[in-house]
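The same chain A turns up in both complexes below, where it pairs with chain B and then with chain C.
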Partner chain A sequence: MSGKLKLTIYWLIGLIIVIILPHVIGIVYTNVLVTFMMDAVFALSINLLLGFTGLLSFGHAMFFGIGAYAAALSLTHIQGFPLIGVIFISAISALLLACIVAPLLARVTGTAFAMLTLAFGQLLYVICLKFREITGGEDGIAGYDTPPIHLGFTNVDITDPTNFYYFAFVVLGLLAFFMWWLVKTPFGSVMISIRDNAQRVEYLGYRVKHSKALVLIISGTVTGIVGGVYALFHNLVSTDGVLTIFVSFYPLMGAYIGGIASFFGPIFGAGLLHVFDELTSRYTERVDLVNGLIFILVVMYAPYGAVGLWWSIKAWLFKSKLQKA
Partner chain B sequence: MLLEVKDLNTYYGESHVLQGISLTVEKGELVCLLGRNGMGKSTTLKSIMGLVKPKSGLINFKGEQILGMPAHKTARVGIGYVPETREIFPNLTVTDNLLLGIKKGKYSKGVGKDWTLERIYEHFPILKTRGSNKGFQLSGGEQQMLTIARTLMGNPELLLIDEPTEGLAPVMVEEVRDVLIEINKAGVSILLVEHNIKVALAMAHRLYLMGKAHVGFEGTPEELAKKPEIKRQYLEV
Partner chain C sequence: MSSVVGMYITQGIHGLVYGMLLFLVSSGLTLIFGMMGILNLAHASFFMLAAYFCYAVLQVTGSFWTALIIAPVFAAFFGVLAERFLLRKVHASGHIAELLLTLGMSLVILEAVKVFWGTESLIITVPESLTGLVNLGLDINYPIYRLFIIVIACVTLIFMALILFKTRLGKIVRASVTNPQMVSALGINTPVVFMLVFGIGTWLAGIAGVCAAPLLTVFPGMADQMGMDCFVVVVTGGLGSLLGAFIAALGIGELNAFGVQFVPRLVPVITFGFMVIVLAIKPTGFFGEREA
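Up next, the complex of A and B:
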């Protein structure tokens, strides 16, 4: 069997699993899967900056939050606002925010970058908290209509969890695919090179600051769209839900636990975090404490995350096989 | 004249590390900057490239004033820089490292035909065999070859090369020397900082000997051979 055919068969099997999964696992776990997909794509977008460009953002919730608020506000104030419009406005709002902060953020690196993103994130949090008339403050915006998917011949109601799962899978899957494609392009090489040696990139003739700004804008926009999907999923957007520091930290932890050195690491990380959450919450309420301990252990003993650990195990197996031979 | 540096003064904080340096590179020339450690040779290259900002002086490249230009712009006007520290991208493959050097349409067409992957592989066959290896898997000599080749992919008219044979095994030193001579013959002008006098004398058209922060001698290798006292004064420890 040729490699291409094999790959197509794997993809088809994967697709069939994705389609039948919600009918097998039930509504509760279907919703868990949607949350996992959102976290995974959020972690991937953070990893475009962290793993590929070497920029640690502590304030990515600002893009997530603005995307979510833009979706919620449009659905609240514009009668019959279409679903495609929600995705579009989430993307545009995050893109605009990224364009505003990028010129400043692209000039700094390391701790300064992390602290500035944190500051901008917190600024937006406070603004949204204070502008209660618009954002609803801590109570947030809730109860807006969730538009259906217009397919021409019929409308698909995405308040149904299974339908929403399919919708989220398509939107978030496309975003993940876009990011995967991006890191394979020559621009992806530039990102990695900036991470490894920004000055060297500069005297090869590239504008490092512009490239960094572009990565930030792309990452922010993707996160904004995830925020829009969140708004549709939860039917509630509040400062605590979308703009707190923890909203930025959670996907960061996912990226680290999965492994920032690989593209797919953050997806594994987001999945592992969900499994930990699920298991821990059965025994204790201190889920965050356990997550924190796991995070510390990962940073200390597996700095390349689960994927890095897998690489090490593979290398060790290969070595012992060679020694036996 | 391709490059003209006149009365260049550069400071590191309070230290006056380049005190009125002047030098020229003609089209097609291979010029060597020689001198003991700490004389300002690398700083001269960095000042030309825009990595260090000189306080005063003139740097003309093809008649254009480039003093104080940021490094990415200097690269775009046609100057390539190969640092002493090599600085390949360790997590990219050799081919990706090379492709990163390309700047489509934005660069001077160079002298003769543009550098392509095929042409690079003709001059650096080792890079072809190592194409899919990651940067960190290369030996020091291979890394040096890759750095030079990657810079060539940007079609520079002038290459600034900082101590390319530093730390290399004698056999690799010869290979690097031959490659530099080949590249120069292909039409790329080179301003080379070199600590290995033998290597420098074997390939340079002209030499500049640097004393403490200034140029002490300018001439051809033959002229230098006739002045052993100069050689002793500026090169011997």
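Up next, the complex of A and C:
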């Protein structure tokens, strides 16, 4: 059997599992899956900056939050706002925000980049908290209608958890595929070389600052769309839910625990975090304490995360087999 | 007329109090950054931790003065442990790993505090001898405790300045801020110096924490505003520069005090706006020689 056919069969099997999964595991776990997918794509977009361009962003919640707020506000104030419009407006709002902050952020790297993103994120947080007549402050915006999907002949109601799962899978899957494609393009190679040696990339004639700004804008826009999906899913957008520092930290932890060195690591890490949450919340209320400790351990002993661990285990097994033979 | 002048003076002193607290916390942060190149995200957590220790010591002994001495030492002890057993091990993995580690530390400290003391605000009363108001003239009655904070901060800082500029240890520390590799090459055990400076930095944050405890009450979120303002101070003042941190801390303190008076909604925006403008014009901050 040729490799390509094998791969197609694997993909088909995967797709079938994804399609029948919500019917097998029930509504509660379907909703858990949806949050997992959102976290995973959020973590992927953070890793686009962290793992591939070497920029640590502490303020990605601002893109997430602005996407969510844009979706919630347009659904509240515009009658009959279509679903595709929601996705579009979250993307555009995050894109605009990224375009505003990118010129300043692209000039710096390392600690300054982290601190500036943190500052911008906090800035947006306090603005949303204080201007409560627009954003609802701590109470947030809730109770807007979730529009159905128009498929021409029929309307699909996405307030049904299973339908929402399919919808989220399509949108988030496309985003993940887009990012996967991006890192395979020549531009993806430029990103990786900026991470490894920005000065040399500059000498080679590439525009480092412009490329960094572009990565930031792409990553921010993707995060904004995830924010829009969040707004549709929870039907509630509040500053505590979408704009606090922890909204940025959580996917960052996921990305790091999964492994920032590979593209699929963050997906894995987001899944691991969900599993940890599920397990620890049975025994203790302080889930974040356990997460924090795991995170510290990963940073100290497994800098390439779970995927890195898997690689070293594989290398170790492979080597021992060779020695036996 | 007089009441307006009085308002300006009162707010000015308020700003000075906050600025001094801010400088106590950020001086440690900026020294640590200068020496080790780490922006310690958990620094404000030690500030909070000291406030909780202060509460614990008060419960045991009932004396604020004992707490003022013991609590910061405990905070510093934890700081030293964190440096020795956590930070030092990831130093080789680069700045991003260190930043993430301190982030994890701040998360763990926050959650651990919630486990031990719960999430409610704990109230610490000002000691008997420092309650009440003092008349500063012009019909201004000002709380003694806030003036006491200024005094404590000044005493601590003069003490620190003497160590830093008049002793051999201070010379080593200042040299390490400029060029740690060179100091190490001259045969000085820089890891020990690092540990010491980390301890002193957290001790300073601890003193600020105990001083601030009666003002802010003790609760898990008390480090949030202080932490953010502190980073603004260190970044705008120039990373590793004590003078820059001093000027920025007092500036932010006054900005805060008068911001609360005139544009209460926009106070945090002013602080961050200040930082963004400074960084846009001079990416190294006021007195910084290198970029972060």
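Assume the second predicted complex is superposed on the first by the 325 of 325 C-alpha atoms of A that agree within 3 Å, B and C clash if a C-alpha of one lies under 4 Å from a C-alpha of the other, contacts with A are read in each partner's own complex, and residues count from 1 in each chain.
The rule is simple: a contact is a pair of C-beta atoms (placed from the backbone, for glycine too) under 8 Å apart; a residue touches a chain by one contact, two chains touch by 3 or more.
On a predicted model such as this, the values are computed, not experimentally measured, just so you know.
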Comparison of chain B and chain C by chain A residues contacted
C
Which partner does A:S312 reach: the first (chain B), the second (chain C), both, or neither?
neither
Is A:R107 contacted by the first partner chain B, the second partner chain C, both or neither?
second
With the two structures laid over each other on chain A, which partner does A:T159 touch: chain B (first), chain C (second), both, or neither?
neither
Which partner does A:G205 contact after superposing on A: first (chain B), second (chain C), both, neither?
first
Going by the contact rule set out at the top, does A:P186 touch chain B (first), chain C (second), both, or neither?
first
Return first, second, both or neither, reflecting whether A:D196 touches chain B, chain C, both chains, or no partner chain.
first
Have a look at where A:T8 lands relative to chain B and chain C in the superposition and call it first, second, both or neither.
neither
Mind sorting out which residues of chain A both chain B and chain C touch, each in its own complex?
none
Write out the stretch or stretches of chain A touching chain B in their complex.
186, 189-190, 192-193, 196-197, 199-208
Can you tell me which positions in chain B touch chain A when the two form their complex?
49-51, 70-72, 74-76, 81, 83, 87, 89-92, 96, 99-101, 103, 106-107, 150-151, 154
Okay, in this complex, where on chain A does chain C touch?
50, 54, 56, 58, 104, 107-112, 114-116, 118-120, 122-123, 126-127, 130-131, 249, 252-253, 256, 286, 288-289, 291-293, 295-296, 299-300, 303
Residue set of chain C touching chain A in the complex reads 37, 39, 86, 89-90, 93, 95-97, 99-101, 103-105, 107-108, 110-112, 114-115, 228, 231-232, 235, 239, 265-266, 268-269, 272-273, 275-276, 279-280, 283, 291-292
